[in-house]
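What follows is one structure encoded as structure tokens, with my remarks underneath.
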Amino acid sequence: MNNNNLNHEISEELHEECGVFGIYDLDGNDTTSSIYYGLFALQHRGQESCGIAVSDTEGPKRKVLSHKDMGLVNEVFTPEILEKLSGDIGIGHVRYSTAGSSTRENAQPLVLNYVKGTLGIAHNGNLINALELREELEYTGAIFQTTIDSEVIAYHIARERLNCGSVEQAVARAMDKIKGAYSLIVMSPRKLIAARDPLGFKPLVLGKRENAYVFASETCALDAVGAEFIRDVLPGEIVTVTRDGVFSDTSRCNQNEARCIFEYIYFARPDSSFDGVSVYGSRIMAGRILAKLHPVEADLVVGVPDSGNAAALGYSMESGIPYGNAFVKNNYVGRTFIKPKQSQRETSVKIKLNVLKDIVKDKRIIMIDDSIVRGTTSARIVGMLKAAGAKEVHVRISSPAFKHPCYFGTDIPSGDQLIANGHTVEEINNMLGSDSLGYLDIESLPNLIGEGMKFCDACFSGNYPMEPPTQDIRGEQG
Amino acid sequence: MNNNNLNHEISEELHEECGVFGIYDLDGNDTTSSIYYGLFALQHRGQESCGIAVSDTEGPKRKVLSHKDMGLVNEVFTPEILEKLSGDIGIGHVRYSTAGSSTRENAQPLVLNYVKGTLGIAHNGNLINALELREELEYTGAIFQTTIDSEVIAYHIARERLNCGSVEQAVARAMDKIKGAYSLIVMSPRKLIAARDPLGFKPLVLGKRENAYVFASETCALDAVGAEFIRDVLPGEIVTVTRDGVFSDTSRCNQNEARCIFEYIYFARPDSSFDGVSVYGSRIMAGRILAKLHPVEADLVVGVPDSGNAAALGYSMESGIPYGNAFVKNNYVGRTFIKPKQSQRETSVKIKLNVLKDIVKDKRIIMIDDSIVRGTTSARIVGMLKAAGAKEVHVRISSPAFKHPCYFGTDIPSGDQLIANGHTVEEINNMLGSDSLGYLDIESLPNLIGEGMKFCDACFSGNYPMEPPTQDIRGEQG
Amino acid sequence: MNNNNLNHEISEELHEECGVFGIYDLDGNDTTSSIYYGLFALQHRGQESCGIAVSDTEGPKRKVLSHKDMGLVNEVFTPEILEKLSGDIGIGHVRYSTAGSSTRENAQPLVLNYVKGTLGIAHNGNLINALELREELEYTGAIFQTTIDSEVIAYHIARERLNCGSVEQAVARAMDKIKGAYSLIVMSPRKLIAARDPLGFKPLVLGKRENAYVFASETCALDAVGAEFIRDVLPGEIVTVTRDGVFSDTSRCNQNEARCIFEYIYFARPDSSFDGVSVYGSRIMAGRILAKLHPVEADLVVGVPDSGNAAALGYSMESGIPYGNAFVKNNYVGRTFIKPKQSQRETSVKIKLNVLKDIVKDKRIIMIDDSIVRGTTSARIVGMLKAAGAKEVHVRISSPAFKHPCYFGTDIPSGDQLIANGHTVEEINNMLGSDSLGYLDIESLPNLIGEGMKFCDACFSGNYPMEPPTQDIRGEQG
Amino acid sequence: MNNNNLNHEISEELHEECGVFGIYDLDGNDTTSSIYYGLFALQHRGQESCGIAVSDTEGPKRKVLSHKDMGLVNEVFTPEILEKLSGDIGIGHVRYSTAGSSTRENAQPLVLNYVKGTLGIAHNGNLINALELREELEYTGAIFQTTIDSEVIAYHIARERLNCGSVEQAVARAMDKIKGAYSLIVMSPRKLIAARDPLGFKPLVLGKRENAYVFASETCALDAVGAEFIRDVLPGEIVTVTRDGVFSDTSRCNQNEARCIFEYIYFARPDSSFDGVSVYGSRIMAGRILAKLHPVEADLVVGVPDSGNAAALGYSMESGIPYGNAFVKNNYVGRTFIKPKQSQRETSVKIKLNVLKDIVKDKRIIMIDDSIVRGTTSARIVGMLKAAGAKEVHVRISSPAFKHPCYFGTDIPSGDQLIANGHTVEEINNMLGSDSLGYLDIESLPNLIGEGMKFCDACFSGNYPMEPPTQDIRGEQG
């Protein structure tokens, strides 16, 4: 599993931005608890704030019940709060946010009243023209109470709704204005609508459980609520669930897809599948490719938990070198963990991750990790292995080197903070203190997810699927 | 003092809706702590939620720091939170709200970004055309994230700002659209603006402390921050404080004022003065008038704490009958007090209010209270006095009988819940179990605040100073 | 009412140490909620921690349910917690403690298992031989987990119980060892026992409600739970309530009583009576005596709220000078109030206490307070009156001057911090900035409570009713 | 890693009872933060309450600072609290407790004053003669304020201290009285003392970091604070650390050791080693032995996370069948997780543990778990694998079948709740729905930890190393 709050630290803070969940349960049972369990399954996509909004399709048109706050799902929701949130339709959201905008106001779902009643919006992604749209809206008298892109989307839906016959049409027209990455779940008084940007950056799946339809960022959330996977929402598609059934508008679908490859490499839970590809399978494949690209004689292949484990297993399969566990991770290290003082910093990584000394002693180790950001944590882990007696440590990274910022929903630091900028692989190897270092190459990426599927690898290649903004507008994505 | 959280219970829940505070401290010291202490002094005007928003006039145009939550000032603000809120300009708000809308989203100040930067709004009062305006706005694509009138006002200011040269002009134009009661403090990136509706329902005062200007609902908040009272904001006036000084726009002032008389009788703190009248003085006067209107032979005049005490003293002065304390109030009974079960209900009032038995025993008591709403609490207090041995209990009320709902910011129950509707004074006297009962008469009200000052007594007389709405729109006032 | 958390500040921190409550409800209804309401009524006697312990006389012998924590009754007890505490017998405690020992471990009631089952102890007072007894016990192998005297008492009861036939006998024998001030409520598996030290320093009363017997520090707690006052527990008496009735052991009663006179002057709630004397009445009397001792020409008599009000009324009655309210107190200033910075200190008192300027302006004021400790707060209040326009301020104190520490349960600062030590009345008058100053004299004290009743006035006179300890052992009283 | 809060649920609630930590840092730096990080590393040994007590060997003899509460280390300690706990000597404790006694009073360390100053005690284990000793003590006048065995130990140390020259001697004499399992860390004003019962049930290790000596339940806690492992405290040994060095008393050591074998199989963290045996190594070995004992043709060996993983790897090594991950565990499911309603129970396990469908589909799976308690969770996991398409599921358990209760510190349910009582392996296999089932056999246990080391396997064999109590005294262990 992509293990999250901890691994973020260890991986030097690469963050998914959000996870979304929606359900329309015609029987009206367990709506809220399903969202609660669904958000649990999506918690790895955002740990700073979360929220649930529910409504009753038979109830008064403007009555939405919601609760959101800073904190983990675990911390924000109590039995008392869940009990108050009843309805047959609802959406949920987990959010990570960069420091500056980590405020309660920005927690989602966004709930609002507009000309046609209420709207609840849960959004994963990042618009690249949000600033322009915001300004345009302001020049027509709009006021903004948050700094999230989702409010821009909400305005467009609300305004378009004045001129068209249904919410889903308003969503469609809004999609013609907003640009960037978005997987969106919208709740109107009588409908649950899911939409995915035409490039399909972020995943979005549809499932079913008895009389309920479920949307979620990943299939692991379907599993958590006992729903069966039906299909992916297509890039560009709008799926509308009403009491009368499920309707699809695919008029915005085209073949210019740009799925985020890093979802497979790092973000998503390994037990999720989307767009026809198993996350776990793609990681195994990354390990296999690495073994071919960067073979080395060694005694043991180990993964940096949790996201390096699958690739390590793949490397082991391909190379025939035994797979082993070399690390024990402390899962109790959570959000409120008090960091060691500078003087104790050396032991800092050890508290989160300890080495099985007996296993690595006198061994030549191949250590698989999913990525290197700044390099400091990787260096510490290599150091721990050596201190535990490893004779050699060969680092293999199951993704190409990060060199470019992401404008579509991933919090990658600006270019000058990335160790791969301005350093050769040899130099990085020296900085890590490892005996050799090998990255996956960009050319191999298609093999991770199967030939023919189009994806975005801009963070590695710099080839952005749409013109990136000239200003760095990142930091307020939903 | 109008003692608040408790007395509300005892008085059967008559509530002031809000208190506002604003400061522009050119030296930038103590801005936030001044708001904090100012809100403490205004806490009696709203105990359900509170908030502070500050900004730095020299800082970036869109940077407002704010914190608001459900709870008392005491509970919402910690030293850590106050420390984070720094600036030279700021506003604060305390709020009471009726059950349905008692949510965190509705807490104030409202903070928003719009075409010209940021806007912070703190609002006391209640619009009578809010629903119409909301609908109008929605038909132009507006979205609403709260249910408070203040958001309607915010929209109007934001939209007018597109067409005029300054925020204060936009406030002025917004005032031409909104109808009802409002005392408003608006914070823009460089200005602090106070405005009061032309009828002047709710009080609003201006004070000064060294290089700081202060606005507040009542003068007691000026005292709390060491500011000197300068003058009232006039009904209809807009006062703008900038780095260059204080500017006034009185073009909307006229003589059709309708100050809320009940502010003097009950809501305001006795140590406050506004519109030239001391609250305490007006209560003493109410007692004196009562003594003339409804004299009775008795041994002791006592007030129901805390708001009945001043009128009791006035009654004693006028009648020559000795004043005494008959009650001890438990000030520890707060918001989280767990109410007795039905079986223990008899002792319920006693926990909050106990009788000094030695004082009332064998005495003929004149008991002064400020109002009777449903009558149940008054009946219990009369019962307690009798149980403690009072020979006679003569109830005198320092206001006329409530007969009509208020649409301008006071939470008076609907007419059929008011004991004075459908019952004669004689009948009410029987229901209370008292030996006689006398209300202040409507004709005497001018004497409370001085001849010549115009006021609103619609809750007593039904003479509304502006056409009341046909729907009951109450419950979401700011 | 002796209004507490605030007044403590204003009075420069004179503290009662504890309040106790106990109930044996043969019907077993409402035991816990009665303790809860009883503690509310006693909250003025201790605001730092509180606790409740209950047990079922029909239940297993060692099963006591309890909850205690730092904080007000309001803060420590939630409906969920109260619900878990069920039984037919129970005790409660509120505690104030000096800084050093303000820990959760020291919260009461103390609950323990010993040879005969369980024991719950709630204790108000202060032993003078606690240190000696502690050492003696330690030399026989005792361990202490708290620093409160109550644990010493518990040990003595437990040990004596080995050699005698009943808990009440063990309490009696323990009383022969412990010296000092104690009002004690002990709960054994089948009995509720109340005991008062032979000098009767601290009050303790017995009440009855249907099938329940109630003990409390003050009668106001009986009122709060709907119980009728039966009688005081006598100094030296042990009262035992069992299923079979109420039993009294008066063999330790004698005539050497030493009731704490300061309970009447300041600590107790004005609606309480004990040892035959009404607290409110004694304060009225103190005011009357003051008027005779220190007459002065003036326009208005005012009390410093809340404890100065009754004496002010007494002064007014005796002198014929009108009584008035000059102050408004802010009851929202609680434990978590954030104190102003040094630079704002001037306005500090104003936040808690504001002056009614219209009332005092151009008047000659007689200001009545209950005591002066360090003098700084009194000086500020005098200053506020003068700043509000008072022509003269004559301070009258309804107690003699504090000159000596108390070893029996009152937290009076050490002698050198008391303004009355080393300063003449004239000097103090100058320091306060008042126009004249008058204390009650020691000779008049008997008149407050009636001739013939013996009392302790050691804090004024230095005449200790028992030899004070040579070490200052204060600070850990129960 | 033995992954803890979650796995307990999954494993149907087998609980370690406690973890202990102690440090004497002659330089006095980082004492408290070291305990904090040490407790983090030991959190898997107890998640219900935790505490830290520190003292300054140079400070006053009775001054111990401590904090303890219900909750995880993460929840109980804030930076503010840690800052207040300063000293050069200190102990810490994490505790699990069965429902009945899960109260704050029972949290450890126990801190007490006694004849020679202060004593802090942290205790892991369970006495079998605690009830007798308690009664004996009570008959000499002892009072008990908790229900933990540790208080009995404290009393014995305190009493013995009266008759002997040092604390360590008193500990020694107490050890002659108490019977059962205990790993003990005692802090006196000037000494840190560790003691282990003569049978050595529970682990206890000694480490060193610069000028600091560290004791801990497991070596993983030494790693977490940067200390080097020196040696195990021997069964029966008392190790005393003073400013003058480290002293050992081995006079109670003998060869009748009875180390808890289940520490290796389940409780301890895999990166810990004690008594010369690596936990991870012993689990690998268990897997290897299982492969020999219960071979089966299959496609994949998987472990139930986290404690089944190592044995699965061992099984894979021995059998040559590939190792794989089949499960993803949700590490966000913590103490406050709201459990699904009965109607949703089916999905309950899925929220915590999800299957990688692609991996198990159409495969013959060998599923390794560490134990079966009631069998319901195992059955659900088997069901999940089958539902995901596994052709066969062969369950292998890396321990023998549980048949007997443990009286020495492990919370194993009473015999009739254990599925292995009254059911044959074949029957259990049917109940699980698996295709075959194989346990480790008792005869193989010596191979896990090396020949010659004596251990306790009473929970499997019923051969208790000391006479078990006739009453079931479990539930209040420290």
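Per-chain numbering from 1; labels A, B, C and D assigned in written order.
In this section, a contact is a pair of C-beta atoms (placed from the backbone, for glycine too) under 8 Å apart; a residue touches a chain by one contact, two chains touch by 3 or more.
All values derive from a computational prediction rather than experimental measurement.
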Self-check item: Chain labels contacting chain B and also chain C
Solution: none
Self-check item: Chain whose average C-alpha position is farthest from chain A's own
Solution: C
Quiz item: Which integer distance in Å separates the CA centroid of chain A from that of chain D?
Solution: 36
Quiz item: In angstrom, rounded to a whole number, how far apart do the mean CA points of chain A and chain C lie?
Solution: 60
Quiz item: Just curious, how far off is chain D from chain C if you go by their C-alpha centres, in Å?
Solution: 48
Quiz item: Which chain A residues reach two or more other chains?
Solution: none
Practice problem: By the touch definition up top, name every chain pair that qualifies. | Solution: A-B, A-D, B-C, C-D
Self-check item: For the chain A and chain B complex, residues of the former touching the latter
Solution: 105, 110-115, 119, 135, 138-145, 147, 154-155, 158-159, 162
Quiz prompt | chain D residues touching chain A - in the complex, by the definition given at the top | solution = 1, 3-5, 29-30, 33, 36-37, 40-41, 43-44, 72-75, 77-79, 82, 220, 223-226, 269-271, 273, 278, 280-281, 309-310, 313, 317, 322-325, 328-334, 336-338, 340-341, 343-344, 346-347, 350-351, 354-359
